[in-house]
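To keep things simple, chains are lettered A, B, C, D and E as they appear, and every chain counts its residues starting from 1.
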Amino acid sequence: MILISTVIVAIMLLAAVAALLFKNHVAAVAAVGILSLALSVLFVILKAPDVAMTEAAVGAGLSALVLALGLRRLGLWQIESSNSTQSSIQKSGEHTDA
Amino acid sequence: MTPLDYLLLLSLLTVVIALVAGHRSMGGVWLTFTYAAQLGGLMLMAGLTNQPDVITSSLSFTILGQSLTWRYDALSWYFALITISAGLLSTMYTAGDWGEKFRADGGNLWLLHVAIALNVLSMLILLGSGDLLTLFIGWELVSWASFLLMILAGGPSIQAAIRYITYAMGGAMAILAGLALIYGHTDSFTYPAAANILHSLSTAHLWAPLLLLTLGFGVKMALLPLHLWQAAAYAHTPGPGAAFLGAISSRMGLYALIVVLIQLVGLVRVIELPVLFSFISARDVLAWVAAFTIIFPTFTALRQNDARMLLAWHGIGQGGYMLLGLVMGDALGSAGGLMHVFNHATYQAALFFSVAAVVYRTGTADLNRLGGLVARMPLSFLAMLVGIIGLAGLPPMNGFVSKWLVYRSLMLEGEPLLFVAAVVGTLGTILSVYKLIHNMFLGQLRVEHENIREAPWSMTAPMLILSVVVFVTGLMPGLVLQWIAGIQATVGLPVIDYSLGGLDSAQGSLDMLWVVGVLFAGFGIGAVLFYSGGRTHRVHQLDNYAGGHFLSADIRYHYSDNFYPGLMRLIGPLYRYSFAWLESAVQSGLGLLSLSTQGFYRRVAPANYALVTAVLVLLWVML
Amino acid sequence: MTLFGLEITLDLILYTGAFGLIVIGAAGIVLAHHLFRVILALAIAEAGANLLLVLSGYRWDAIAPILSGSESAAPMVDPVPQAMVLTAIVIGVGVQALAVGLAMQVKKTYGTLDMSAIRQRLEADIAGTAGIATTGSQDAPLGERPLPPADAVPVTPGSSAR
Amino acid sequence: MNQIVLIVVLPLLAAFLVPIVARMSASLGAALGPLVMGVCLWITGTVAIESAGNAFAINIGGFMPPLGITFFVDRLALLFAFLTALLVLVLWPFQGEHRPREHALTLILAAASGGLALSGDLFNIYVFYELVSVASFGLVATGRRSSAPAIRYLILSGFGSVLALVGIALVYTQTGTLNLAHLSQLAPTHLINPIGLAAFALILLGVGVKAELFPVNTWVPEVYATAPNRVSALLAGLVSKLAALVILRLLVLVFAQEQALLVMLLLGLLGVITGELAAWRAQDMNRMLAYSSIGQLGMVFVAFSIPGETGVFAGLAIALHHLVVKPALFLLAARWGGALSGLAGAAGGNLPAALLFTLFALSLVGVPPLPGFWAKLLLVMGLAEQVGPLYHFALAGILIATVVEANYLFRIVSTLFHRDSPASPAPQKHSGGDIATAGLFGASLIAAVLLLIPLSQSLKTIAQQTADAAAYRAVVTLAPTTSTLGDTQ
Amino acid sequence: MRNLASLLFAGGLGFLLMVFGLQFDFGNAPMLVGQAIQSAAPEQVGAANIVTAVVLGYRGIDTLGELAILFAASTAVGLILGHRHTSTKPDPDSGLILRAGGELLMPLLLVVGLYIILHGHLTPGGGFQGGVILAAAFFIPVLARPSTPLKHTGMMLIEGFSGAAFILIGLAALYSGGEFLQPLLDKGTLGNLVSAGTLPLLYLAVGLKVGAELAGLLAHLAAAEVSES
């Protein structure tokens, strides 16, 4: 049980970090979905089947759908990574932040 | 219903009448009558001055477990007398032509009447305070009523009024803090409880409330580092309003200080209370603050070129004499301080009335644009002459008596340095009041003022009444001193041994009847000599010559600019070290803080502080 | 099993997971430059909090809180935190949907999703509506103010100085 | 008396149905909301009369307390339920175009506020708190340019919710229960320790977002500057008070320890100081009011940090005073939104508005005999009774902040009445409704002066009842099996 | 620099929370309430799934609040993005296969969703999980044919009336002399489909509400127009 939990927790944390670090937003949303799925597996291990189902349906399914729709409408739906306008904004943001 | 209830009701009625009829042309007259009625109501309580007694109002509440009561004693009565008289005369002054002109110039006469009536009411309430809580409530009411009076003219008065209210709120909050400290020890706001606890507190604990209360009440008195607001605020108030404020408003601070320092703490304790070093007592500190309050504002007044500002600055300086006399704590000093309240009110009001009359006729109070008005406005001149003699503290006016008492007390108490300071202040006063009367009434009449007439009787009458009072109480100070003696008996000070002409006691004697008699005899002899020579004849002011030139209307031989050049060369550089830098430093410091706090609220990441605080609190919890 | 002297237990791992998610989420909320990333970070942090709640009701050798037949005496894990998490998850998705909707509106209004750019344009916008000169001029290079103050009172520069 | 639950349920029902009803009949849809709020007022009133001031508990679903959710109804809860309904009714968006969705959100806000006032269950409070949040995000975002502030608010609030949830998890792990009465019973053994304190701090930071608590209130200026003024009035007037009420309940019942009070005191004091200082240099009316609101709420927290009934009394007085004053000020600011310097002579255009503003400013500063003075006096008295330099330090901070407050408020008042400035354009006239509503608040302020003695007495009774944790525990009868900890096996 | 500080603080938060977390006696939850509920739930509520008993019975008002939150979120999104159907350029319709698949899938999802909802009191699952699936069912046509908007009126009716039904069931209990949301009707046999009194009805209301709500939300988000920059 420790082993499985460790693996799942590791996946979760990695997915979380990835969701924040991926340049591509679609990949980030996917990472959040993976996180949710891993979490729902963990819930099953923790004997919470109801929660696991909800997490899978809501967290991995619905939430990802909402985010994906958001990406689509925000003009961030690029499967290929890196785009010029965004990085320029980011640069200016960093500049003003300093 | 006690007489006090009648008085307060009459005062309330005055406010109501002002609200209802303040804008009518006859409103001022009715109000004058109601003030007279208030004075009558006060006279019903005149018995207070004879015996240490109190008259309680049937008005009282119990709120938040604290009872609020109001009562009058000799001290309240004395201050109330001055307050109502000032209100009466100011309203009388306003009621006639001055008010019409004020309204015609776009002023809000209704508001002026209401403001004065509110001021009188709130002061009467303050003077009646029967415990610390009512004292504070009355104090706040007075502050805000004065604010209304100050701000109603608009224009430059707004800035001054805002400055005033900031200082006043600062003072009020200091008072509240002081009261809170007292309350923290007693759980009560009543005078006896407060007096008990203040008596039993150790020196270390007594300091904070005493300092806070003195600072707070001192703001109203414009004691030295806190004096910056007063001159401009009073000077920019419309004429009679300025007279009212100058006469009585800042004396409320003195009233409250008497209550706290003398009635609650006890002057003996103040005299003993060491500050930092055992050889400096709280009394010394107060006395020196008072002395500096005499000197600095008086010499600031010397530099003013606006008659109203000049008077207002003097008002601050004169407050110093009152406090100085009071903290001496002996019969003479305290009598002098208390009497100076009355005297100052009379001549200050007369002076402001006179200046307002000049402004009414000429449209300016700029000392460099006036002169020679004595020929056109003799009655106003007379009032000003009496007033400045009083202000300078010269016989035969009443200002002399009170200042004499203070000087005498300073010498008897062995305070030569303070005595010198007081005399230096008087010197400055004499110099500046000479500037005042010279630049306004003496010398060359300006061409544009050729056709000016004396102010109407509604304006001259109040100032002449005041002039008569200034003179009569100078001649027979016993009239006032009887009230003072009553106060001293009530608040627990040594009682002065007075007579009609002054005093006659072991500490010194003064008989103004004699002094004035001798003085007038001297004047008489001089006049006889002057007129008997028969070598005088009247000429027009331009029928004259100077430096070999005949004078024409375009030549100014009335030197009002650059007054006292020698003196100014001597002390002029000292003016650079003003107290204003302190105020502006506080202001810019606050501004900086304010901007940085705004910066705090404008961070980019909204949750940053939540995270930081969470970590800090958790860390603190763990440790 | 020990690692660097620290005994690796199940609770250590699970708590690491829960708090790790919260920390990563918090770091994302605070550090991310992009609004959408912040919304993701919020979801991550919420997931961590949910896990923590479930952990608070966990019991060794207990069964899931579902009665099957008669043996109702068997120990169960605490059902209450599970119910709470159920609620919290749904709340989370509601808030998230609202956030996405708002983000769309922000994008429409200001044309950017960069946190600091939003902050600046917001400041300029508020100041512009109120007719106040902004203190900072850093918003200048990013383009003009997207929304002209339509019904704002036109204030001439002279009259604003008092 | 269990119909009190209707004040939560009926607005929710109405909110669900408003879109449908509005589709069928626009006027009926528009009338539904006010009608329901009126009914809520009536229900609260009848329950208040029926209960005669005695506290009672309602077990939702009929389950014994620690198992089910309890609504605890005492004077304080009824007062705030009443004020919620009243304020929502008074600030109802009668004017402007009729938008059923806006009405639905307002109704939800009302329901959730009622829930916050009544709920006696930690997680239930969290749910209602989130409901208030979501409804207020939606309402805030109805402003023309308030989407960015709304989402920044949402992020902060969301992070706060995560913290609060962690705090709740800590509490639950320690005690295994969520019922406030039960927690109160277990607190001496299980929560008066570092973990309890940590949980309190986390919950405080979470709930503090709505209550404009010091470091988590950065949303306040920008949201109030851009949201519709009615919404600002609701948030500043009502929602912040309910969040403070929740914190008060938790503090009195569950986390009654010295360090918790200390945290409150520090954060509250910092709120007072930063709020008033920032307001001093604010350049537009809305943000000035927002900063001042932060300062006032800071005072409420300082008051709550005074242990015992005194603190509750003072805090409630300040909160109620602010609840009357701030919405009215926001309504007045609706047409005075521009730069403060542009308001010169605004009184000429609208004298009643300027006079009302002056009245509220006087009361905020605390000029006797207006209610603001008595509230501040209570706080001062409470702080003075405490020993310890920190309390006296707080006293000094609050008094200094008052001076700053007087300065900026009366700078504005004098600007309003400043006559000789023909150059500046006249600000817009207020709508009659805004003035009337603000006048209503002003009238209630004056009425409070006249009724000061009975009001202060009844508020004192409320404070006594609120501060009495033992009475709370006595009212909520717990199921016998769960009363002690330890028999878990 | 600031980033580093923030990271440090975040790490500090984690460390501190860890310290607190590890003080707990993990795996031995006190379960004061949990235990009592476990023993009382079969008689009081009659649901085999204790979580359902808690969600709809013991903590029913939480669930109502939760529904209201979803409703509020969807309403707010509608309010923010709602009235902008002017020049929205919808995504092109997807291909035949997707459309056909969608039309096939929809009834299937509806059935599955309803099944999960109606068995919520017996097995894991229930109104929320089923509701999400219902939402997917409602939303699939929109995905398949973005040009045909969701039938808002129907959704609105389901949304409104299912929410109202939940409350009305609760109120019925209140007016039959009990408390708000008190379980009504016969408890039935533990484990049967028709058991646990009003619980399945409540869950049905929840499921429909959630489904309609989420579908509406998704439709709003999908239909929103944001200028491409």
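By definition in this document, contacts are C-beta pairs under 8 Å (C-beta built on N, C-alpha and C of every residue); 3 or more make two chains touch, one makes a residue touch a chain.
Keep in mind the model is a prediction, meaning the values are calculated, not measured.
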- Farthest chain (mean CA position) relative to chain D: B
- Item | Most central chain, judged by mean C-alpha position against the global CA mean | D
- Farthest chain from chain A, comparing Cα centres? B
- Interchain centroid distance [CA atoms averaged], chain B/chain C, Å: 61
- Note on the structure: In whole angstrom, the CA-centroid distance of chain B from chain E equals 74
- Query: Taking each chain's centre as the mean position of its Cα atoms, how many Å separate chain C from chain D?
  - Reply: 24
- Item | Centre-to-centre distance between chain E and chain C (centres being mean Cα positions), rounded to whole Å | 20
- Query: Where does chain D touch two or more other chains at once, residue-wise?
  - Reply: 123, 127, 130, 134, 137-138, 141, 147, 152, 155, 159, 166, 173, 176, 178, 194, 198
- Item | Shared-contact residues (touching 2 or more other chains) in chain E | 6, 9-10, 13, 16-17, 20, 24, 28-29, 31, 33-34, 37, 39, 49, 51, 58-59, 62, 65-66, 69, 72-73, 76, 80, 124, 128, 217, 221, 224-226, 229
- Query: Residues of chain B that touch two or more other chains: which are they?
  - Reply: 602-605, 607-608, 611-612, 614, 618, 622
- So in the complex, which bits of chain E are touching chain D? 16-17, 20, 23-24, 28-37, 39-40, 44, 57-62, 64-66, 68-69, 71-73, 75-76, 78-80, 82, 153, 156-157, 159-161, 163-164, 167-168, 170-171, 173-174, 178-183
- Item | Contact footprint of chain E on chain C as seen in their complex | 9-12, 14-16, 18-20, 22-24, 26-27, 30-31, 52, 55-60, 64-69, 72, 76-80, 82-84, 86-87, 89-91, 94-95, 97-98, 100-102, 104-105, 107-108, 111-112
- Note on the structure: In their shared complex, chain C is touched by residues of chain B numbered 602-605, 607-608, 611
- Counting only contacts in the complex, chain C reaches chain A at residues 1, 8-10, 13-14, 16-17, 20-21, 24-25, 27-28, 32-34, 36-37, 39-41, 43-44, 47, 50-51, 54-55, 58, 62-66, 77, 82, 85-86, 89-90, 92-93, 96-97, 100, 103-104, 107, 112-117, 120, 138, 141-142
- Mind listing the chain E positions that touch chain A in their complex? 2, 49, 51-52, 91, 124-126, 128-129, 132-133, 135-136, 139, 214, 217-218, 221-222, 224-226, 228-229
